[in-house]
Structure formats: C-alpha cells, structure tokens
Amino acid sequence: MSQHTATACWTREQMAQRLASDIADGSYVNLGIGIPELVARFVPEGRTLVYHTENGLLGMGSSPEEGAEDPELINAGKRYVTANPGAAYFHHADSFAMIRGGHLDLSVLGALQVGQTGDLANWSTGEPGAIPAVGGAMDLVAGVKEVFVITQHTTRDGAPKLVERCTYPLTGLGVVDRVYTDLAVIDVTPEGFSLRELAPGVSFETVQERTGAPLTRHA
Amino acid sequence: MINKRVSSAADAVADVSDSAAIMIGGFGEAGSPIELIHALIDQGAKDLTVISNNCGSGEVGLAALLKARRVTKVICSFPRTANSTVFPELYREGFTELELVPQGTLAERIRAGGAGVHAFYTPTAVGTPLGEGKESRSFDGREYLLEYGLKADFALIKGRIADTHGNVLYNKTARNFGPIMAMAAKTTVIQAERIVEAGGLDPEAVVTPGIFIDRVVEIAEPAHESALVATGASYP
Amino acid sequence: MSQHTATACWTREQMAQRLASDIADGSYVNLGIGIPELVARFVPEGRTLVYHTENGLLGMGSSPEEGAEDPELINAGKRYVTANPGAAYFHHADSFAMIRGGHLDLSVLGALQVGQTGDLANWSTGEPGAIPAVGGAMDLVAGVKEVFVITQHTTRDGAPKLVERCTYPLTGLGVVDRVYTDLAVIDVTPEGFSLRELAPGVSFETVQERTGAPLTRHA
Amino acid sequence: MINKRVSSAADAVADVSDSAAIMIGGFGEAGSPIELIHALIDQGAKDLTVISNNCGSGEVGLAALLKARRVTKVICSFPRTANSTVFPELYREGFTELELVPQGTLAERIRAGGAGVHAFYTPTAVGTPLGEGKESRSFDGREYLLEYGLKADFALIKGRIADTHGNVLYNKTARNFGPIMAMAAKTTVIQAERIVEAGGLDPEAVVTPGIFIDRVVEIAEPAHESALVATGASYP
C-alpha cells in the first residue's frame, strides 16, 4: 500500500461503491468472497439486485442478527446469511445450471492478475506445496454474462496486477469485461485495456505506470 | 423493485417475431398454456419452430396454432394423440416439418440448453432409425449418441402459482416440461392461476426459481383442452 | 385370434397376471400403454410396487372415481390417474434421469416384434405416410434395468412376433429380457429365445411353430 | 409395504467395503452428514475414494474420516477451509490423492452419473490447468471440455425430513449436493431429523423422490460441525 499513499485513490469501499453504481436494477448477481462482498452495501437506492450464492440460494440477504445464525443457511464463503422475500433454494446442479447457462447477469470476483485479453488468474499462485482449491470460480467466468473484477491495482509489493499475459494459473481465457481498482475503472476491449474512469486526483500516466500492459483512453 | 407481472397474455407475447423458436410446455393437455398460445395466434407471428412434446388435439391451443399455419417445424416426441388431426394434415401436405426426438432425449436436450451444456452422450436410440446419421461413440464397450442442447427464443409455460419475482409452483403432472423449458429460452413467459407478492411462496418449495422467468401473467381460470375439444371448439 | 382358438391359451388378463407374479416386492415399475397397464391389477397380495409414469409422477395410483378426474393428473397414456401416499411429482428431465440412469427396476412394454437377440420394435410399422411418434419407449429400453415385453404371440394374421431379426424400425438393440405371450413365457438369452413356461395345454412344438426363430427349452 | 427406515447409522453403513467410492453431501458444514460419517469411521472401511465439495474442518465428520487414514483419494472442488488442517497434511504426505474439479463441473458430473448421461461438453476450465490433458472440442467457434459422469458405491446425505419411501426434504442451503448425489450412488443413505410415514410429505414439495434413496435413518438432533470444532472435539 505504501506506493499508493502518495496518490489520492479509492478505498475498498469506494471501489465497491463505484462498481455497485454500474449494476442495473433487477440484475441477478453473484459476488465472490472478499472485496466483492462489499458491493452489496453500496447498491444505489431504488435498485434491487437479486443475489445468487452458488451453494444453492437465490435471493440471499444480509447477515443475520446475532443469535439468529443458522449453520444451514450460509453463503459460498461459508458465512451466515439470510434469505430475502422471493428467495428460492435449489441443488448444486441447478445452481450451476444458472451459472453455466448464462442466466446470471453479473459475476464480481477478485483477482491475482488480469491479462489484457481478459484472461483471469484468481485461484492459485501455483506455489509448489500449496493446496489447490478452485471452488466455483472457473464456472462463474465461463458462464455468467458479464464478469467484473474488483482488486487493488497492484500487489503489496507494487507489481502490476493488470498485465499483458497472466503468469499465474488461469481461471478462464478472455473472460473479464471490466476491472475496478483503487486507481481506475478499466474496460477490457478487443484493443486491450481501456481507461474508463480515473479515481479523483489520479492521472492517466500514474495508472499506465502501474499497469503491466498498454492502456488506452476510452473512446 | 422487481415485478415481472404483465397485464395480459397479449402483452406477454407481443414481441414474438416471425421465425422464432418457441418452447411450449405441456404433456397432452396437462400443462398446456392455452391462453398464451391463443394470444400468440392473435399476435400473428409465423414461420415458427415449436418445441413441445405433442402437437395438440382438436382445434384449440397448440393444434389451433398449427392450423393457423404459423408453424413450419415441430420438434417433438409424440405428434399423434387422440383427436389430433391438424398436425397429420400439415405434415402430409409438407407444410410443417417434423424432427422426431425420443422423449427423454428431448427433455435432456432442453435441460442441456438451459444449463450451458453444449452436447452430451446418451445411450437412447442407438441402433434405431432416430439414431441414424448421428455422431456416435463407444465408451467402456457401450455405444452412445451425441445429442445437442436445445434453446429457444421464447418459452410459454403454465404454472399454478407464481410470485412477482417469477418463482413458480406447478400443478401435479402439469409440471412436466415447464421447469426445463423455463431454463432454455431467452424469454420465458408463465401463465399462472394466481400471482402473489415476493415472500408469498415457501423458498424450499419453489420449483422454478425466478431467475429463469421473465414475465408472469395471471390467468385465473385457464381452459382445459379436453373440455374445449369435447364442445367442438376451435380457435379463433 | 382365430388361429389361437384351437389352443387353450392365456387371456390378456392371464398374461398380465403371469407377468405380475414375477415382479419383486418394492420394485419401481413403468408400465407402457395398453396391455402393460393391466399388470397393475394383478400384483400379488402383500407386494407393493411403485409405479412411475414418465410425465412426472412416482407413486401413481389407480383411476380416480368418476367426478374426481383432474386433467392435470394424468399418466403417459393421457388417462386420468391418482397419486398414492408417498408419491412425488417432478419435471421431465428428472423423470428421464430415473429412466436413463437405471433407477427403475422394470419396464413393461408392448411389441410389434422382438428379435432373438433382444431387439425390440414397438413404435412404428414404418408405413409410408404414417405419422411417426416415439414417446419415451427408446429411453425406457435404453435405461431401465429389466425390460419385459407383453404381447400376443403372433399378429392377427398369424405372423410370428418373435423373430430372428426385426423387420420393423427398432426401438432398441438387445434390450428385451423376457417376453410374456398368450402361449408362453420366453427368456431372451445369449443363445436366443428360451422357453421358460408354457400356457396350460400349449405344447413346446406349438410355440416353436408360431415363433420365427429357434426356441430352446429352459436350462 | 415399503419401508426404507433402518434403525441406526451403524446399520446404514454396515456394508461399505474397502476401496468403495463414497459421495458425501454438504457444502462446508451445511448438509454434512456427520453422524453417518462417524458411523463409517467406526465401521472401518478403508482405501476409500471420497467425492465431496470440501474436505471437512477440525477433527470431526469428514476431517475425522480423513484423519483416520481411511481415504486415499478425494474428488472435490475446495479442499481448503477455515480450520482445515487434516487434508493438507495427508496430501503433502502423499497419503491422500486429490482430483480437483471445478465446483460446477463436479455437480454436473454427479448429475450426469445419476442421469445416465455418460459424458458432456462444458465450457468451464477451458484454457486452464484443470483443463490440461482433457479432451476438448470446438462447437460453433467455442471450445468445450469433455467431462465424464461420476458414480459412487454409496452416498451419505443429510436431509431434514424423509418418509418411509425415501422421499426427502432438505433444509435451506444444506440441500446443496444431496439431491444429485442421491441419484449417482448404488446405495444412498439419508440421515434425517424426522422420518414420517408415506403420505406425510406434500408430493409437490418433495425434492428427492424415494426411488433414489435406499436407506433412511433418523438422527433427531444432528451435531453441527462448527459447534463441535469450536469445542475442540475430535472423533472418535
């Protein structure tokens, strides 16, 4: 983070808020574990989103009040949740039919790296000895209509996460549509990364400098 | 605020275009969305491909749509039924083409289309005329046919109760193709006898989750095909 | 039928009863349209079968009383039925998952012809101009654990229905396990048709004479 | 008279043999049939292949089965969980092999196994390490992997209510893999909090029809994994 303190940039909450403002009313949305979960807090008033959790619930609500937790009502991150009016439970094959069949409007995921052609790496650093675990990420990026990534623009060490070509094991090929970082909102286009919006006080040059692939200005 | 309710069957099918592929629920008369089909007849779209288990009976509902010469192809498993005279005539005349599919393969192709499974290997119909010309492959000494997922532009389905989010409950054996066709169409329309607010259905008992449904229209007292046919009714 | 009147042979009801006596208690059974439906009437006391109808009901009961018919509670033959205690409704893909996945114990079907290797023809006479219709027959014979055919031994014209090789369009290859006719019960074995039981007063020679393929005595 | 009730978890798993493939329901702790797993530990079968989404937590339930060195292979999508230390050790030691499968592909392979679909083409994992070495094929310009149906000798599943015919209702997100695993195993065992007579469940609301279930055992007050783990419990 030290590299970023010199620049005014979006907080995680602001990134989530920026992303939330781009989601249309009535969308069916799957939020990944971590920063993506923050998005639900910032949905603009007047819009209703229906949240899907791949372990078998559509119409997922917020966390339960203390004492009302049900160990059999959890989300994909294994955290206690609630069910909103209009919710439905279903089994895993039906849940992934929704995902693979293109019925969800949006998947929001974190990333280790995003390639300029939309490749995503977010499930493994490929370290020898690490226990590989993939969950539903590969299904989500292969099936959901639109895939947004929300992530810090660079790693803790300042290395770019938006790169020409991912070096980490891939989650999917050419699947990412847009990236929301602490510095900018960037579209993945046939011409590569295209800047859509800068965080306040952040310059195009700063974003380009911290991006591992050419960045174009939005047409 | 999510509200998928539309005010009439006519509104529900207003944007069906010529040459559309339409899945129509029902097994015989059970689950046949007669009012939606009649609205589609009124609407006028033609050159339709209809995917449905049967081809209707008498001259109402699906048989009436065929009789109006709106359907140039049907994909179905059993086009013959008691009181089914419309389809045979159109078929012999060459107006309506038939793609005959074993019932289980039809169901699985529709589910595959809805589930993002492009194709699958099934043992059904191996060595039969319906398997002829199809790609086949042997696994572990048994032969399978490669069958492809089916999708459609619209699905017209009859439910019992729906909520405004599009969650659906069905009635007994009228469920049949409804839940899978709902998954496989770009736009899925449900006619239900009652529409309730979100929260009015038990989330454990929902059969079709709302994500698969685009429009719900209340038809409080749907006609039964056999009763109409018995009176000699024809539509329009 | 005239050819048969000279011989004491099983009636349709007796054929159904003979078949019913071979079904184990607790079996999950799908009965085809026509003579197969008679089987349900003759299940021996003390045995409970669970009937599957491919249009989405397990635990199908008998016909409803007059006035209690529900046009949305029908069987595969589009006739009014009832649901027994312990019944369940399901959609068509689940129904055929039961069939194709080998979960049903027995399918009972009619036949136009049965070949000596167990081939079945029962859906089309292949007449030009006829409207072809297959329904669920091909799925049933491909998936169900055991397939019994119940049929008159010969056609109305006296032609054998049990033949070396079917001439009508096939429903499935090598799928029939046993045939119940008005004259006999015949197994389909790797060695061809094997007589299991004769109707009272019917001789082996009579059955052989009316069968279009070699018949062996049961080992 | 159909009655699939067995009197104890021990009876329900008595005939599991060494080297069996066992599907175990649950997503995290939701739906994990802890009492059946503990009975399987007591029973002693070894060299098992376990098909389950996760690998358990703490030293109870699935993690305890692993820790007892009964499982030489797991097929799963997410073997890492909070408080999951048993599997990582066995994996690094080389005792337990891992077949990592994307969660949706795992679910679809299990459904396919149960539905008599030998194999299917899916877009998931194309171009990733989990797609490497797999047969792939292009349809309409998009690449798909060929994935095979999965079956098992036993499935151990947790339900909420079952009837004596084996019809099952689940509880909320504890449903997860239960209904599809029930279809894919030769012998499927359900532990339910309550068993009712046939006729005690609404046939419209049944989630798993009894045809898929072989044995039901009543466990009136099943343990919750997280509660056990919080107390530092280990089994046996």
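As written, the chain order gives the labels A, B, C and D, with residue 1 at the start of each chain.
Heads up, the rule we're going with is that a contact is a pair of C-beta atoms (placed from the backbone, for glycine too) under 8 Å apart; a residue touches a chain by one contact, two chains touch by 3 or more.
Here the structure is a predicted model, which means the values were calculated and not measured.
If chain A is left out, the remaining chains stay linked by touch in one piece. Of the two chain pairs considered here, A-B and A-D, the higher C-beta contact count falls to A-D. Here the spacing of chain C and chain D, counted between their Cα centres, is 36 Å. Our note on geometry: chain A versus chain D, Cα centroid distance of 29 Å, whole angstroms.
Chain C has its Cα centroid 56 Å from the Cα centroid of chain A.
Looking at chain B, one finds that residues 108, 111, 115-117, 122-123, 170-172, 204, 207 touch two or more other chains.
In chain C, the residues that reach two or more other chains under the touch definition are 57, 83, 89-90, 93, 96, 99-100, 142-143. Chain pairs that touch one another, listed by label: A-B, A-D, B-C, B-D, C-D. Residues of chain B that touch chain D in their complex: 108, 112, 115-123, 139, 142, 144, 169-172, 202, 204-205, 207.
Across the complex, chain C is touched by residues 27-31, 53, 77-82, 87-88, 91-92, 98, 100-105, 107-108, 110-111, 122-130, 170-180, 207, 224-227 of chain B.
Those residues of chain A that touch chain D in the complex are listed here as 53-57, 70-75, 78, 83, 89-93, 95-96, 99-100, 119, 124, 129, 131-139, 142-143, 169-173. Across the complex, chain C meets chain D through its residues 25-26, 28, 46, 48, 50, 52, 57-59, 83-90, 93-94, 96-104, 142-143. Of all residues in chain B, only 1-2, 111, 113-117, 163-165, 167, 183, 197-199, 201, 203-204, 206, 209-212 touch chain A in the complex they form.
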